[in-house]
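In this document, chain identifiers A, B, C, D, E, F, G and H correspond to the written order of the chains, with residue numbering beginning at 1 in each.
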């Protein structure tokens, strides 16, 4: 039976290689998933608005310009995804990750959250909106392999 | 005139080969339908949450974890279907089949129900939301052949 | 701060007095909730189509007529509810209850399921779509009292 | 000309009296706004799931139960609001606040964010989705007074 | 248990007193339904566009102007209805009645059709989208009485 | 600049070759449009329900069965169309054509109506919901050629 | 028969007393319409952002702040309207009026445009999305009187 | 990681070569974007209704016919776009451009506005609904290159 074509958005933490782990794991498993993500280069993400549309002396508006240029990408790609994976790390406030989770939830996307168990209490509302809460990227690959192919490793 | 590409989700009873009958019948008729379905391996479907995300001592949460991992597949695939076929057998409670029918109905999908006439009274609300109520898988193939190609066997 | 006006639909099992327990409990707690429900008189529910629109010799169409007349009520009232409570008993197939749960889920309603723990495995997909799984009607009153007023009994 | 009836949800930080400031300011200005909010009692919010539906030995499920019972209130009330105000304080991770902002954004609500300017960079994506970014509760009262009555203090 | 407030739109044939029969029957039964309808004065309905916005020499545009002014009423009132009743008579083409039925169907309204059995074959697609097909206005009153109050006459 | 891929549903009158005229005209103009339509074989359309799902002694239910099987096709194909063309002839009541127009209108489709000017008054509400009212199939080809390629014949 | 409660938003030109003419005409006719509008005080509308949220040295951001504070009112009130009336005058660019018309059109509102015939060619796309194009405020009162009460002045 | 396929609609001013600048810039950057646009030939756009559907003596109806034929293209193409770019020039009223911006905003599209800074105050409501406000077509190419590929020119 056909498995269709899956599109998965990888939101959240940008300082470790978790996205690559998932992408490579999915490739190794032959899942054929289309992975999407925000721009994960921190400097580009901060500077894009000012760099393209003109520098701003006021940091609020500099950030505002940049955040909106990034939103062109993030909203478009979340809207076309079947599954939205959001990873929370132990550093930084990561409010944009939680924002994406809320946005994806209201859009009816299937949500998978990845975080260390130590963050569980602080993330309980976000986890409560998810269909799966994982600790490691490899578990996301396993979930996708199961959801798409029904394969369950022993 | 073009017939487009049809996507059909096959929900419900997993202990007989009715899905294969439909898929093979559609193939024999050259319908070119993309068939989707839940994971039909009972054990995998029960175990997937615990196997991937960690074992649970409490059966309620073990089931809850598994049901949600399965929902990643079922919601995604029902959402992208044109037609949702739901078969009810004479054993088990099959509440997930009825849940899928309600979900598909609220999403505006065309619904076809398959069941033995003896189950008619118990299924009257579900049948009432369907565009067709069949007894045999071969009738679903005929409906699809008619809906897609206008072919009506004599 | 205002608590707004809540509308709660009570779906499912019709052979015990659980609806009255919830309505009376809510009244005793002064919750001011508007409770809605399907027609719970079994005979009326079976006969309404034939009684109003004409008798049918074929039981399938008799049921079909009745199920659709009932759907005028159930769809309308579920659509205007904030919360949908569905109770499953230990008798009968109750496919319409599961259908309502799926319908409500796709419509984005908050779902509360009531059932005996012994039914947990069979209801895991339905429970997985719920925001609360209770065993007793009194717990639903407590949930509503908390959701509306923030009151938590000691 | 009529000003209609406005419903405003106050999400986020629960450790200072900012909600009361807004409610009292709106009352003093005679705005007639219906204010809604999550349960702001920290302990109740943590305990509600376990207290009503049964204690849980595992903290993840204890939190999960509670988060979902709270979601019955928060989703319902955000869904019926015209404006969603989200305040971020300088303590705690407040991921549920950012989640609410994302959820409200996807639902097309008008969003007002309140935070200290020092949090601006970390909140740039959230601010980018807002129609107003304020520093003080009194500014929210002024915005509502202007939006509803067109009054602008000199 | 509360019965809520029902809004019912009465579309279609304007040359007999069927609307009054339903309204009076509902009043006699104390149903408290809010009934809405198109403008049923044939001449006003034809002339409204030209009378208000200026006469038109070309009959196509005269009709176009009028049809759109009427649509301000019909779309608004159908959109706010729970149930849409459409009656087909044995004269005239009544394409606007069938249009309303299609419009209401796509908007997810509960549809009740009234017509003489002799029109059944010609109306089969319209009837197929309805939750009830009646012959007489009094049956609509009975359906509403049942749907709202659960009352079934013996 | 890209012209995208257009999907056009051809609803209504089935006794003349207007669909072929449009399809051939579009082919001659190289428009690359995907044309969809209902089953236009009158007998098949009447018999499909009974032929596939079992004969019915009562003509109402025989029609009902058939109308719903046809609806599997018509709803699915209208839902995936950009433009819905509906032709009204001078014979028969054609209520299903008007139903399709209303359905398509509520779904936000671009509507083109084809009819003889003599039917204008009776079709004024349907025409009022259309973006173009044509008399001949060749005009529909010209509209599509213009809408897709900007070509306007001299 | 009930006429329901109508809500009408009056968008566009703010330098003449057309809104008052409509409101007073509707009152004289006893229509009971709830009229909504943007803030029509030009200075307040320009200054609100800076006055409430802090002055801005850069005129672009000053305008941006103000436009968004105004949007809290305009989006909320258009969203809750049945009918949106947009008047274009002969001065200024009035892009916000045309923006409101496009916004209202996509939201499925009934649109009435008022303008001098001399502006017809420039407004053809906007007029094309309207259900009525009037020249004078009194015509809007007549349309509302007809739509609500079926009254047509001789 | 995949970048998906982007669809961008170019609305507004038709008297300069800004669309070609964007299309060529995107091609040079290898973006693979599908660009869509209205018919930009002024005469065709004015004449299409009359040319295809018949000449009209009254200029209002001539314009009305043409505007609606153009709407078949514009609505369809905006609806299938991810990003809508709207350019305002310094001549003409360009109400259709502002209408498109409002329409796109209500449909949840990402909006980019291009205009000379001198038009900023008049366009403040339109700019306020945009995710980016540019002055030159080349900036739109840069935004798309960043949104799609994360590339930021130094």
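To be clear about the criterion, a residue touches a chain if its C-beta (ideal position, glycine included) is under 8 Å from a C-beta of that chain, and two chains touch if they have at least 3 such contacts.
Just so you know, these numbers come straight off a predicted model, no measurement behind them.
The greater number of contacting C-beta pairs, out of the two interfaces B-D and B-F, is seen for B-F. In terms of the distance between Cα centroids, subunit A is separated most widely from E.
At the interface between subunit E and subunit F, over half of the residue numbers involved are used by both copies, so each side presents largely the same positions. The interface formed by A-D recurs in E-F: of the pairs listed in E-F, B-D or B-F, only this one shares over half of its residue-numbered contact pairs with it. Between subunit G and subunit H, the centres computed from C-alpha atoms are 24 Å apart.
Averaged Cα coordinates give subunit F a centre that lies 30 Å from the centre of subunit H. Averaging C-alpha coordinates per chain places the centre of subunit D 36 Å away from that of subunit H. In terms of their C-alpha centroids, the spacing between subunit C and subunit G amounts to 43 Å.
Under the contact definition stated at the top, the residues of subunit E that touch 2 or more other chains are 68, 71, 108, 133. Contact residues of subunit B toward subunit F in the complex are 1-4, 6, 82-83, 108, 110, 112, 130-134, 139, 142-143, 146-148, 150, 152-153. The touching residues of subunit H, when paired with subunit G in their complex, are 59-60, 63-64, 66-68, 70-71, 74, 88, 92-107, 117, 120-129, 133.
Per the touch definition, subunit F reaches subunit B in the complex via residues 7, 10, 19, 23, 34-37, 39-41, 44, 47-49, 51-53, 65, 68-69, 71-73, 75-77, 79-80. Of all the residues in subunit C, the ones that touch subunit F in their complex are 58, 61.
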